């Protein structure tokens, strides 16, 4: 509506696009040129630099869903509903990528596509929760009911994560822990060059998240605007 | 406070009177649970696997599926004729409605489970009687978690067009911790483990129950709004 | 250590996925913008 | 008792979500014992108005005071003062009228729920069938029973949302009689309806709601019935035209 602000935000989004692009190029260079090949796992270990950032991005996105859901139930403003929706969608997409790259990494290392590893299993459950969230959104009419229900599910779903984590961890405790992402946290037994590369890649994915969020939010607002104009047109005629 | 408890009691009483007249819910849940167990018996070879190893899982799958039917049915009663709206118009706190439905769901499920357990004992040739105390504790903890979350989500899904499908899709992923915990604990009890030796599982399920009852109290206002 | 294929597959999925998502986003945005312009035009014409 | 003089007081009431506006700036007040009929086409936001006033949903902005309570606070005490009748009966189909009303009496925290239930069942003339299942009842009987449910706790304010929908002539007459009796016992009544003759017959004030706003609000003595009718049909036609395009 306001010409000036849209132009300003356009400029900002261009900066973000370029920044994201450049950081991604740097990350690519680091992953494929700079970082040395891991001794035992070979080149396939380079999957880590996209696998972990994807996982980080989806967890972060789900966390944002949680925060926005709380804010929505508190303030009842459509804004927060849009943010939660956009974040959930992006989260599910990157969660899917984690679930795809996980088995591809597991096959050459552990010899099977899928092991009921605690982390992979938790991710699968998380994916199911947020796919259900999106299904709930898709099946209800736009309006305050959909927003409220989705917000409740966004809160309930995120609070489930610690339970999933512990139950799945205790459920299967005997399988081999992957060496690079050991349960003691990132970095144990990792070289500095690997950590740096991972860091750059994490940055790139985080920037990508904000870029996608911006697009997705803008889209929802456009949709709202179209709805408003349609109604206006109907009543004015 | 007295009125609050009275209202909860009234909801439970109403569900019981309805059930005594129609006899639809308990019989449906019981038969369904029985069928689930039978299908599992046919689909696994009990001469290869040990009954006490697969038994707990089958038992809980039966409880879970039958319980879902119960939840769906329980909120369909409230949606028919707009009764839920009627409930929201009485001077009752929304949490009283939640607790009323939670308790009646819990009681119906528990009755169904009490009928299923002896059959389970016979079919799988497992001695439950010697571990009855701990077993009931575990069954109660699991069922409470199921009902706490299930009541919240079925009150939500009852307003959807596709409620029968959406309830399990929403509910099951969230229930996985409870399922894992309950199956593990039941298995360990059948192996003769004492309750004290599985405190971490009991802690997990108990805190699941408490947290989800708490979350439901905080969010039910937003679900029970027209 | 001949597992370049897996590395390639994983990368293909991730980049393919991201690019496809961005593409659909753009497509959808463009559609919405076109709808919006159309609506604004008709509204303007009517009010005149 | 100062606050009770205005049984309902609505100021700049709005209910909107995103770009959807169901109620868009309504102002009115209703003294104790007054009867307001709100006419309006489908989708004008009449039901939403009643839902806000009876505490079923929250307003986005503005205030509404019902029996001295702010509806936004959602105080359960407020619901002791109101009774709602809508096209959904809010009765459990597998229970008998007596059980239904005893249940609602207990939910209202009334003393001697059984006596109260029997009394109102008598008032709506359903005593002979008090022990039959509600499922077997006709639409007219259901509506009578839902009147009984709504007046069970002797509310000072009644909301009726399209009470005549789906009633045959006889049942509609019975409902009108009841409404007249309730009105005579100085209850505040707010009713929404499509039915112009039924609606104009009993009320003290008339409102016309279109697109979430009150296009018209007058005392019945100032209303020219013929002019009102043509105005109403203009509103309905415009609205249907608008809805037709959107579908």
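Chains here go by letter, A, B, C and D, matching the order in which they are written, and residues are numbered from 1 within each.
In this text, a residue touches a chain if its C-beta (ideal position, glycine included) is under 8 Å from a C-beta of that chain, and two chains touch if they have at least 3 such contacts.
Bear in mind that the values here come from a model prediction, so they are computed numbers and not experimental data.
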- Message: Can you tell me which chain is nearest the middle of the complex, judged by mean CA position?
- Response: B
- Return the distance between the CA-based centres of subunit C and subunit D, expressed in whole Å. 49
- Whole-Å distance, C-alpha centre of subunit A to that of subunit C, is 17
- Centre-to-centre distance between subunit D and subunit B (centres being mean Cα positions), rounded to whole Å: 38
- Whole-Å gap separating subunit B and subunit C, where each centre is the average of the chain's CA atoms: 43
- Junction residues of subunit D - those touching two or more other chains: 57-58
- Going by the touch rule set out above, which residues of subunit A reach two or more other chains? 225, 230, 237
- Message: Can you work out from the touch definition every pair of chains that touches here?
- Response: A-B, A-C, A-D, B-D
- In the complex, subunit D touches subunit B at residues 51, 54-58, 74, 76-80, 82, 84, 86, 88-95, 99, 103-104, 106-109, 133, 149
- Considering the complex alone, what residue numbers of subunit A touch subunit B? 73, 125, 128-129, 132, 135-136, 139-140, 145, 148-149, 151-153, 155-157, 159-160, 163-164, 166-168, 170-171
- Query: Touching subunit C in the complex: which residues of subunit A?
  - Reply: 41-44, 46-47, 50-51, 54, 93, 96-97, 100-101, 104-105, 107-108, 208, 212, 215-216, 218-219, 222-223, 225-226, 229-230, 232-233, 236-237
- Note on the structure: In their shared complex, subunit A is touched by residues of subunit C numbered 1-4, 6-7, 9-11, 13-14, 17-18, 21-22, 25-26, 28-29, 32-33, 35-36, 39-40, 42-43, 46-47
- Note on the structure: Note: in the complex, subunit D contacts subunit A through residues 17-20, 57-58, 60, 211, 241-243, 245-246
